[in-house]
């Protein structure tokens, strides 16, 4: 399997030894380069995801989706982005200007932050701390502050109601999300993202195979909670276009709105990415213990595996999104506190027992 | 029916009305028609129905003149629907209802001067310019009463308390299905009170009709409730034909019945979709829109319209049915029957939807009747109010179909009734489609249609309730007064009662499940 | 939810079943044929427009291109909106009879509400609605038509016959 760290080590040595730069300059150059790469990847994925959502949603709805801009409508999103860029950004009367302006950035920072944790390939984890998973959930929570600030700051009653909903929902579902990840951590014994994926390489070693029943439960609950965390239907209460018009971003136009839009799609990708990393082996290929087969699978680069699995989950989440109606705020909380939370706790105990007795594969 | 008005003395009016309501069981106030009777003065006609025997009667009450004001004692404590109906009369005629707690205008702007439906209203364009100023709404209202000397007294009521959190749902809101504004007092997510505001697309249809010839009035009906275009026009044609004593051929009756049911199918399909859409299930919405397309296609081949059908005319139909109509409608029935299950699978049986709809927007049978919540929404409160059964018209007396009711009294019940009604519509269509008799599709009328003197009221079962038309003719080629009984007004009036103490998200659900169409309310 | 008397787990079972049914339906539709009709790509091929659709008013002409209108203004009077304005003049025919002759038949498409009252009023079968619906122009003045002077041609081939055939229950998503 191709190890991307060869490239990074080579580049590091290029800066330090061949060009003879000091610590400061080489790290600065590397950081900028990585940052640009993250943002470029972020933007590219956003475009792909928005297009995918449009087409997938259209297909579920017996429609063809965008067909006009470019063959099969593939340039539709570019046209939309262009439109959004040239739209006027106006300030709302009596809005809290500081909160109003800062909010979209917080949302996008949280989204880019979590995005940077994803392991793209062997040796291509960008942020790889020993408390990676823990930090990831912490970073993702910044987004809720952005939502809250936007709702409160834009002097709009729909916004306030939506912000309250958003906050209460995110705080609740963080619970299950965290517990599911902890369940996985028990099995792998590490919180480091690279370590978690490493633990899943080898035949039948993906976590949902390794941890069988509790891992599958954790995976499913993770999808539900992650959907809620990403504010997507049927949990898009904060937006709830039929009740609150657009919720917390009602008063945003142009790129301010664009940031929320981007963050929404990327959060979807991030949730799918984390699910892939933690439960479906990240970049680890399908290995079944037959050497010839495994060798062929290993030949496919890790990034393909990662993206493939992630997009499969994204599709799954879209399928769910475009099938179900929206819940009500009390029902959404009931679902979490009455069903998912107890299930997660039980599952955690179950997993602990299984690991303690070594009943996993 | 031709109206034979009961007339009560002005002092005994309130007591006599209470007697009708309480002793004689006339508990459904169909509508209140305000009218300027010319030299007689201003007055109202109350049309009442006994919900046990379905007997109807009308009461005429002239307003008492006190100085420049006209007054009539209110009946809003007897029939809750009178609340908005009396406000409508006040808005258009300036009759003040004594004891009514909320005498504000209903359709026109609060800064409107004069009462446009009075015959002496100055219609000159110079005096009726559209103002571009803000309409500053008062946050108080008046209750009028007479003091011991017979002078008019006004008492002011505040609409809101100081710490009320008021959210305007509408007029530009995705779920009010048009430009309805619900001024909602919220306590967190809980609804405390709803004040509906209408008139954002008030076009003065009834006033326009007073200047139009009879055929011209027909052109406006499709623009009332655009999802009951056929039934609206059926009601108006019906009242004129009844007044003129025109006998229609069987062919006309058959085709009208089929068209009415196709329209009902069309409207209910949209309803099923909109319920889903208001809950965020856009996919389910598009499934029913897709199938609605086929219904519209079948209709369009014959009528030439999809929304503005423009098919019935006084004395028959615009044109004979299309040669392919019979086969198209049969194909449609075959196509649509398995689809009902699909709507249930994808949305109606879904646990999320069930939780959102069950026990949401409750309305007891007594309240449904008192508010006059007719149509499928009323039938979900176990009120047998189907005009097709109670006052059969066209072929409805001769075809086999069930009046679908249930006693669930909630939004889920309203939804299920619509699903069942669509099946009944298909059943009616299938009975008739093969047997359309030969005959004239149009009974030739004189070029200028004049209706004999008198007052008539005729009702049809619209897609979302009873659509009634009141016609007062003085023997001219234009109606003296034409009044449409809107279906949606009563539904919106009842929303406050249904939603008090429920969540703001339930407001959307209830609105979707009640199914009102704003042009029908605003006229 | 509290109202029914199912157990905690029974409730979950039913709920999951209904959710799965929903997913099944949408997945089925994902692979069935779509229903988008691609106007304007299909405007000359698979587009169907009902023959009776009221697109705009035209004057009927005989083989010599002569209109039947005698300027009786019945349609003008029947119109609720004042869409039609007829100008006429009195001429003396060869036999010496006085006769009204049409000078201008002005029809404002922008004001028309397609109620067909003018067609109903006409006793000479001089006007009719066609299903030609592509009437949009960039200038409101261009909607004011002079029906007796225009040389009307439908904007699409065979649209007046309804175009492509219609089948109830099916959509023609193809553009060719």
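Note that the chains are named A, B and C in the order they appear, and that numbering of residues resets to 1 at the start of each chain.
Note that a residue touches a chain if its C-beta (ideal position, glycine included) is under 8 Å from a C-beta of that chain, and two chains touch if they have at least 3 such contacts.
Nothing here was measured: the structure is a model prediction, and the numbers come from that model.
Chemist: Any chance you could check whether A-C or B-C wins on number of contacting C-beta pairs?
Modeler: B-C
Chemist: When you take the mean of every protein CA atom shown, which chain's own CA mean is nearest to it?
Modeler: It is chain B that sits nearest the middle.
Chemist: Quick one: report the Å distance separating chain A from chain C, using the average Cα coordinate of each chain.
Modeler: 49
Chemist: If you average the CA atoms of chain B and of chain C, how far apart do the two points sit, in angstrom?
Modeler: Result: the chain centres lie 28 Å from each other.
Chemist: What positions in chain B touch 2 or more of the other chains?
Modeler: Where chain B meets two or more other chains at a single residue, that happens at 283, 287, 290, 346-347, 350, 352, 355.
Chemist: Using the touch definition from the top, which residues of chain A touch two or more other chains?
Modeler: Only 60-63, 322-324 qualify.
Chemist: Where in chain C do residues touch at least two different other chains?
Modeler: 19, 22, 25-26, 29, 35
Chemist: Where on chain A is chain C touching in the complex?
Modeler: Of all residues in chain A, those touching chain C are 58-64, 67, 319-320, 322-324, 339.
Chemist: For the complex, which residues does chain B have touching chain C?
Modeler: Per the touch definition, chain B meets chain C at residues 212-213, 215-216, 218-220, 283, 287, 290, 293-294, 297-298, 300-305, 308, 310, 313, 318-319, 322, 328, 331-332, 334-335, 342, 345-347, 349-352, 354-355, 358-359, 447.
Chemist: List the residues on chain C that touch chain A in their complex, please.
Modeler: So the residues of chain C in touch with chain A come to 12, 19, 22-23, 25-27, 29-30, 32, 34-36, 38, 173.
Chemist: Under the touch definition given earlier, write down the residues of chain C that touch chain B in their complex.
Modeler: Interface residues on chain C, with respect to chain B: 1, 3, 14-15, 18-19, 21-22, 24-26, 29, 35, 50-54, 74, 78, 80, 113-117, 120-121, 129, 131, 166-169, 171.
Chemist: Name, in rising order, each residue of chain B that touches chain A in their complex.
Modeler: 165, 167, 173-175, 186, 189, 276-284, 286-287, 290, 346-347, 350, 352-353, 355-356, 503-508
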